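You will see two complexes here that share chain A, one where it goes with chain B and one where it goes with chain C.
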Partner chain A sequence: MKLTEAPARIRSFQVPYVLDREGLLGVAMLLPAVVYIVALVGFPLVLAIVYSLSDVTIGNQTIDFVGFRNFDAVIHDATFQKALKNTFIITVVSQALVLVLAKILALALSADFRGKAIVRFLILLPWTTPIALGAIGWLWMLDSTFSPIDWVLREVHLLGPGTLLGPDRNLVWLGRPNLAMASVIMVHTWRLLPLATVIMLAGLASIPQDIRDAAAVDGAGFWRQLFQITIPLMYPIMAIAVLFGIVFTFTDMTVVYILTRGGPVDSTQVLASWAFYKGIQGGDLAQGAAIALFLFPVLVGVAVLMLIFARRREIA
Partner chain B sequence: MGMRHRLLTRSGLYAVLAVFVLFAAFPFLWMIITMFKADTDLYSPGNNPFLFNDPPTLKHIDLLFNDTAYKTFLLNSVLVGMAVVAITLALSFPAAYSLARLSGRWGEPLGIAIFLVYLVPPTLLFIPLSRVVANLGLQDSLWSLILVYPSFTVPFSTWLLMGFLKSLPRDIEEQALVDGYSRIGAIFRTVMPLALPGILTIIVFSFTLSMHEFIYALAFVSVSDHKTISVGVPTELVRGDVFFWQSLMAAAVIVAIPVAVVYSFFLDRLVAGFTLGAVKG
Partner chain C sequence: MTIIEVRELTKQFGEVTAVDRISLRSGEGEFLVLLGPSGCGKTTLLRMIAGLERPSSGHVLIGGRIVNDLPPRARKIAMVFQSYALYPHMNVRDNIAFPLKAQGMPRREQLERIQWSASILGIDRYLNRKPRQLSGGERQRVALARALVREPSVFLLDEPLSNLDAKLRAMARDELQTLQRRIGITTIYVTHDQVEAMGMGDRIAVMYEGRLRQVGTPREIYDDPADTFVATFVGSPPMNLLERDDQLLGFRPEHLLPKDAVQFAPDALEVNFQVTRQEYLGADRLLYGVVSGLVEETKTISRLPSTISYPVQAGEKYDFVVRRGDVKMFDKRSGQRTAAEPAFLAGTR
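Now for the complex of A and B:
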């Protein structure tokens, strides 16, 4: 009796003390990560805002505040306007394509078939490959003289003298404004399709089989199941897939930097690449920071939406 | 009728898959064909570009490894990757444990806040960070990347591990506490071994993300000797306007395929993190 009572008494006496220590330990274990993040994300973010309100350059790093002069100058710059428009066009078009294609691909991949592992690996390649290296591959695919796409088009008589796509031997994908934009959109679609697909596959897997069975018993065909069960149930997770796609496309400069350097004549310039050219290569840190900050409102919007959809998913 | 219908949907399925596989993998096929081509074959516009009109050659791969800084880029990427993995583990495992077990009702909102940091992109931060890096004297050094990369690997890894740790039963570590181990002792004895799959996932994630990163590496490092794969290949393997396509393609494929293989194994767990499903455990 004594033996069991004694530890119990000691425990009840120690509980607040232990809790206190546990709390302290919790803080101590969390703190390094938080400090790191504050120092290397929070602080630079504030610094970006400070820069954007100042006249700082790489040559002259003393910070004198100039109000909203940078934003004013940036907004009235034709290249910036073009970059802003392009960023939105590229993001919206590529993510719309990704949404539709990923939905189809996820449905196809959820079926059983032989060789699934290899198919999955191949389909994932664009996402798992470092984007700079993938983009280099596309640069060569879209080459002005040796593009294999052009070669195939010539072989099927869609390109070349007297054909639909014109008399030239090559389309010069990256040399014409519209085709260059299409190319950038294509590469973004290519890269983000796998991510959206695997997210949607996870969503498909989470739909309980009995709901499908019940619908099948009730005589719902493929399309009816798709539109009345699968899509409504997957709606939150599809939204999350698209939101990630938006963040990764909207803020990317790698694809544009490698494929076109923003050209021809700024026709594919995006906010991120324009911020780089102004801020790092041009040395105008203040204007570069101001340009990059135009990304921020969209990111805040995405974050808010993501929280809303994540919550809805938990309720569902 | 039923049989025919099934056959039809079956071939429809294969047709759909074939189109997607072609779209996803075609650039890699094209890269692999290119890397073995002789100059005379590659640069004859009349040739069928998918065939070897001249015998395949290893000359350009040899050139890549022996006459360019490719090996240095590889080594730099691996060094940065390993250091980033170490820092990420050291910071995110304790943080994730704290959020999962020791922070009570604050754990979840704090975890979500940390996750949201992952959405702040390098393109928003690289300009101020380039000055921070310069003022610390780290410009053109691998240390600049080792310092900055954990700023995006730690948030996602903490989030992922937090979800993982929450899914582990508490009984085992509580038993260890009753057995007289300290909390830290219990973590090392019981939680670490069980969390190994989660830890492996963040090792792979941090390493591949360091390999992938482009913007910081482009902005912080401009000397050839300290470039990583992702920036070195597109900027240094091009002389003026002359692209060495075979070597370039080899450089990309040699890195891309192994990274893709490793990444694929861990993808499902990463997706659990992306879908925010990790909270539910």
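Now for the complex of A and C:
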């Protein structure tokens, strides 16, 4: 064979090698996800933006653009302001509770003890329950007359005539504005605790045993080890857990819808529930869309932070 | 100077006995090496001394006091881990400062001590770096500086050199030993590398399957192995073991030499050595072959220093000799060393 002669080239389009072409394979693997996101996230988002700038209602679905009139009306609505405030309060308080409780639970569960598997399973259970079912369970727990929580409080003499929380026989959890807010926060905390715990357990497990041993030999007791070694090494993963929690809590309407319907007197209304009441039940799709779009900037911020933290894991 | 001692120390993990009734006592300021293959229990023994593992039975004594119930931080020990275990989120200064902070030492004193230990190990320049910005050798020094900084009474080292590449390791071995001699802290050093053990240890404790097989100076371990395990584990290539009746006859490869290359040796044992293969290693030559005559035919290795330019051809038979003093006898069944010279050796005199 002469050197000038070009050697025969085997094309990789032949069937057995098609999957070895990374470009092609990549496109094929990504396509379903792209279709899914465009259809179920991208399209509704665009639709919401279009609606929020129009006068569309359930009765009249022709789209006439009216500029920012809907946003203007929404912002000046007292219920919206209340809902916005509540959404932030519920998210911040429940996530703060989740952070502390999940950290404690994760530390407890990372220790070795008998029956550990069962306890772990039980703690994970709330996460596997559909949120609506869980909330219905809580509806009974917080019932104005039959609440088991009230019953326990009565039995330990904290509730009832002549006691600390008395004189009524029931607290009426969902009937009083502050208690109703507390109830919603409690249910959100209960719901997100398992996920955060599991994420933190994974974070704890990723700290090498050598580093804990080194800290123990270097003279660190429990608290020093916790605050100077464990928690700093877990910052990134704790941030991920909290950001997940923020997304789930901030956008959730099920808990409020089932427990209080936003009441009493809109005292537990949140953005998601208020957008639903206004847009679907009230028929004003345009204003409903405008309310829902207030979730957007917070979610974008959370998404950006998540991506940053996901990159910055520092365990060497 | 502090003496470390363990008495009848045992550790069981479920059914497995990781450390089996070990008694051992260090000297003052001694460099004591625990040597053994992986899984022999040496690291578990070290971790029990450190307090990171609770013994199943037996006692750990540091400075003459039983410390079984003390947590690691109360034992005044410093430990260097195989992975170095530097705190990845702290810079080098904070890493070294950590044990001092835990003691509650005043800030100014801390800085002086950090400076002192950093300069001993030559890492002053890296104090503001994070561990991940350092090379393996630099990390190892930081780990040593952190161990050194609070002047512990005992140094525990768990394979601190095994993550370094070969060239750095030789250097680090030298530095580590110099450092230990200079500060004179009692040191227990765990390794599976016999070169490290022979080169650095004042004494070596050889472990196998949770048991202590022999404790002695490197010379005693090499020249007078207590059993066939020590004989074959220490030395590379290992000691040759030849079967004869119910005994094993052992000699080091460098003791099996061509008859013509050895000057007058009246007490030498003569054997036939059929060479099957030879390896040229620069400083010496390894001859692989089969010994016959004195014993059953057995595969044997001879190591000739390159100063002996004796011509050897693969496939040929040669007359080789071993000095009688270099032959060690072991019991075939137990593997234990037997002191008595067997009759057949006496008979050939």
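Keep in mind that, in the parts below, the second predicted complex is superposed on the first by the 282 of 316 C-alpha atoms of A that agree within 3 Å, B and C clash if a C-alpha of one lies under 4 Å from a C-alpha of the other, contacts with A are read in each partner's own complex, and residues count from 1 in each chain.
Note that in this section a contact is a pair of C-beta atoms (placed from the backbone, for glycine too) under 8 Å apart; a residue touches a chain by one contact, two chains touch by 3 or more.
Computed from a predicted structure; not experimentally measured.
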item	value
Chain C versus chain B on the shared chain A, clash or fit after superposition	fit
Contacts of A:A220 with chain B and chain C, given as first, second, both or neither	second
Contacts of A:G245 with chain B and chain C, given as first, second, both or neither	neither
Partner with the higher number of touched chain A residues, chain C or chain B	B
First (chain B), second (chain C), both or neither touched by A:L233	second
Partner chain(s) touched by A:G137 [first = chain B, second = chain C, both, neither]	first
Chain B versus chain C as contact partner of A:D210, first or second or both or neither	second
Touched partner set for A:G262, first chain B, second chain C, both or neither	neither
Nearest-approach distance, in Å, of chain C Cα atoms to those of chain B in the combined model	5
Chain C-contacting residues of chain A that also contact chain B	314
Chain C to chain A touching residues, read off their complex	47, 50-52, 71-73, 77-79, 81-89, 98-99, 102-103, 131-132, 146, 150
Residues on chain A engaged by chain C in the complex (per definition of touch)	208, 210-211, 213-221, 224, 228-229, 232-233, 314-316
Chain B residues within the chain A interface of the complex	13-14, 16-17, 20-21, 23-28, 30-31, 34, 42-43, 45, 48-50, 90-92, 94-95, 97-99, 101-103, 110, 112, 114, 116-117, 119-132, 147-148, 150-151, 154-155, 158, 183-184, 208, 211-212, 214-215, 218-219, 229-231, 233-234, 243, 245, 248-249, 251-252, 255-256, 259-261, 263-264, 267-268, 271-272, 274-277, 279-280
Contact footprint of chain B on chain A as seen in their complex	22-23, 25-27, 29-30, 32-34, 36-37, 40-41, 43-45, 47-48, 51, 61, 101, 104-105, 108-109, 111, 113, 119-126, 128-138, 140-141, 145-146, 148, 151, 169, 190, 193-195, 198-199, 201-203, 237, 240, 244, 247, 251-254, 257-258, 271-272, 275-276, 279-280, 285, 288-289, 292-293, 295-296, 299, 302-303, 306-307, 310, 313-314
